[in-house]
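Would you mind keeping the following structure in view while I ask a few things?
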Amino acid sequence: MALRRSYSLSGLLSRLSFSSSRGRACVSPILTTQQRNQSNKIKVDFDQSTGVAVMHMQSPPVNSLSLDFLTEFCISVEKLEMDKGCRGLIITSGQPKVFSAGLDILEMYGKSPEHYAEFWKAVQEMWLKLYSSNMVTVAAINGSSPAGGCLVALTCDYRIMADNPRYSIGLNETQLGIVAPFWFKDTLVNVVGHRNTEISLQLGLLYNPLDALKIGLVDQLVPEDQILAAATQTMSKWLAIPEHARQLTKSMMRLPTVDKLRANREADIQNFVGFVTKESIQKSLRMYMEMLKQRKA
Amino acid sequence: MALRRSYSLSGLLSRLSFSSSRGRACVSPILTTQQRNQSNKIKVDFDQSTGVAVMHMQSPPVNSLSLDFLTEFCISVEKLEMDKGCRGLIITSGQPKVFSAGLDILEMYGKSPEHYAEFWKAVQEMWLKLYSSNMVTVAAINGSSPAGGCLVALTCDYRIMADNPRYSIGLNETQLGIVAPFWFKDTLVNVVGHRNTEISLQLGLLYNPLDALKIGLVDQLVPEDQILAAATQTMSKWLAIPEHARQLTKSMMRLPTVDKLRANREADIQNFVGFVTKESIQKSLRMYMEMLKQRKA
Amino acid sequence: MALRRSYSLSGLLSRLSFSSSRGRACVSPILTTQQRNQSNKIKVDFDQSTGVAVMHMQSPPVNSLSLDFLTEFCISVEKLEMDKGCRGLIITSGQPKVFSAGLDILEMYGKSPEHYAEFWKAVQEMWLKLYSSNMVTVAAINGSSPAGGCLVALTCDYRIMADNPRYSIGLNETQLGIVAPFWFKDTLVNVVGHRNTEISLQLGLLYNPLDALKIGLVDQLVPEDQILAAATQTMSKWLAIPEHARQLTKSMMRLPTVDKLRANREADIQNFVGFVTKESIQKSLRMYMEMLKQRKA
């Protein structure tokens, strides 16, 4: 396909929140056109001397996690994982004001069950690859990061966020009538604990950077222009640890969570397909898109 | 039965603590008489326009969780749960200075094993109904809330407590020689984490409101005369969330804990009956009651 | 054996850290000689009037957990456990500046697989005895406490640390290329939660007392000369709780973690033996010891 409008489920919500009375920044324009070709949604800078790769997500306007994006993302991560010279991965955004707005709503609307299944498998794949990566992974969160965007950050070993109070982060699926699947939940519990997760997921909370820091959803705040420097500094510290022991330790911490999805992968896909093909959900998604089109016009 | 003295296991302890040198308020009188008829221990105000019900516990003197009280409580919750118009439940106390003093000690003393079993089943039933409720549940804790009273609060989605330093809350069973069962423990772990639970249960700690807030045992403190207003405000926020998604999310968070009791319900009852029929426990309970009678006299 | 040099795996690391630019105290001398006879590595003062025993670890220079030490340690704990008059155990160090430097590196170098298996079984035994002890256990951490030393402290019901900023505590195995086994990990998760454990174990962090307090790795800081008094005071508070209820509660909290090791004990031993007999690990241990000898010389 050549030109296609990209809607992001979470982006939509973000936009709604952003334009609320709480004075958040407006990520605009949500509705825009973008060139789709398979190899330019992710830019990877790999420095062989340090063994650190920086992945810039650059899928305008808001790094929505479309099927194409996820496919390219997974291929990029896999390549780096196979490269013995690559020991650390920093994930950041090449787009202004947003890290990633999460799952692409277009992949969830008006498609076939087979398409939904393929899409969801790609979402699972991304999480599996990142959450169990042998590399040290650092999220340099230089913009808002709702829903699937937050999930990407949560898979990393360390999260540094720009201290811009207009940015927000969280698994806000519930706000849109969507339920975060169990492995999103497990990932969040592993970071902020059971009680914070219960409140956070039930209310679909988006946190500003300071509140995110307070509950441990991110590990560090820095001025936006220092975020890559800070990520690089953190990376050096982590890479100084004996590698094999660090990898085994990471695996020990995360394997039970990873295995839970691996053991239930097909059921989880069927669950997603069953949910998203519901008429009520399709209607709700259509209404969101209509509303955004009107806003745009 | 017409008139009957009501003793509360936790109430007793509370009274002991209250009269200690730490200057807590005395919940008095513990030993009083009360009219027992099946339908006045709980007053429910249901506002159909908002979809919110307020349950006032009003079983003098200290809302002890007797078999009658629990039965009425469960019926009330069940009715509201079945009513599609009811989406939120606020639980508060109609008695001064106490939210609920916990399990009624009279139900655990000098009765038959069959009675103990029936009583414990009712305690389980209350927890099962509240912890897995589809409604949004908010505890407006306007008084002390030891043991079973704390458990009622812990089952809710959100806990607001009056900021009166004379009030206290906690699972203090150990102080009385009783062991909180595994599902009390699981509920507490889900709220304050493993380490806080370990200290809290081993020492049978009662926390003042500020300390309870610090460890996350309650979510918010407000002046006592604003507690219902605050609960109502919180309720509005929670009811604004798409309902089906919120319910599924709540269930995802709590089902494993609920299923653990469901799968072990009969064994848990037998465990309680075996414990409470021990001569040493009966003796210890009798001594408490004697002591209180003498105090009263 | 009469005289033998004692190296401590963690002690080595501690020494490295201590001599770093961050200005930590130097635990010296690491390389020293010590008299080995079976009965003087642990001094137990048992006060029958209070029911409290104080175990002073006094195996110069740094209370390394050698096979002999562990054997004597376990026998001492077992004796106290069997003594119905003994209800509380305070563990502290008789050596200056160090609580315990952790597993003795000499037990892991140049020995037979059978020796490694015997050693690891003794490490397991110590943890099993302490973590499931019916006594109230308080760690009076009057010095640095890396790796296995930290594990000893973590098994206790309560941890009081001297507020000397030169002391440090943590499961820093990864720094030495070693992986903390799953039950070290479980014990830490139970105290500081999943996220703190993930960072802590992956980076092999040693915390100063203040940072340890902040994440809950220790419960209280006091000036070093008041540490035994503080431990005794805490002990009195815990011993005031009805004993049987407290023991059952402790068991309820810890049994699942204990059972996990019990069910996998042999596999865990084989895992350790397989790891430590690797040529790469042996080489790495030899290099550490050589380096230390040269430093000493």
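Points worth noting:
Just so it is clear, A, B and C label the chains in written order, and each chain counts residues from 1 on its own.
Here, a contact is a pair of C-beta atoms (placed from the backbone, for glycine too) under 8 Å apart; a residue touches a chain by one contact, two chains touch by 3 or more.
In UniProt terms the chains read A, B, C = Enoyl-CoA delta isomerase 1, mitochondrial.
Computed from a prediction, not measured in an experiment: that's the story for all the values here.
Taken as a contact graph, the chains are fully connected, with every chain touching every other chain.
The copies chain B and chain C differ by a rotation of 120 degrees on their C-alpha atoms, rounded to the nearest 5.
Mostly differing positions are employed by chain A and chain C in their mutual contact, as under half of the interface residue numbers are shared between these two copies. Centres computed as Cα averages put chain A at a distance of 40 Å from chain C.
Of all residues in chain A, those touching 2 or more other chains are 193, listed in ascending order. Here chain B touches chain A in the complex through residues 157-158, 189-193, 216, 219, 237-238, 241-242, 244-246, 248-250, 252-254, going by the rule given at the top. Across the complex, chain C is touched by residues 173-180, 182, 185, 193-195, 197-199, 201-204 of chain B.
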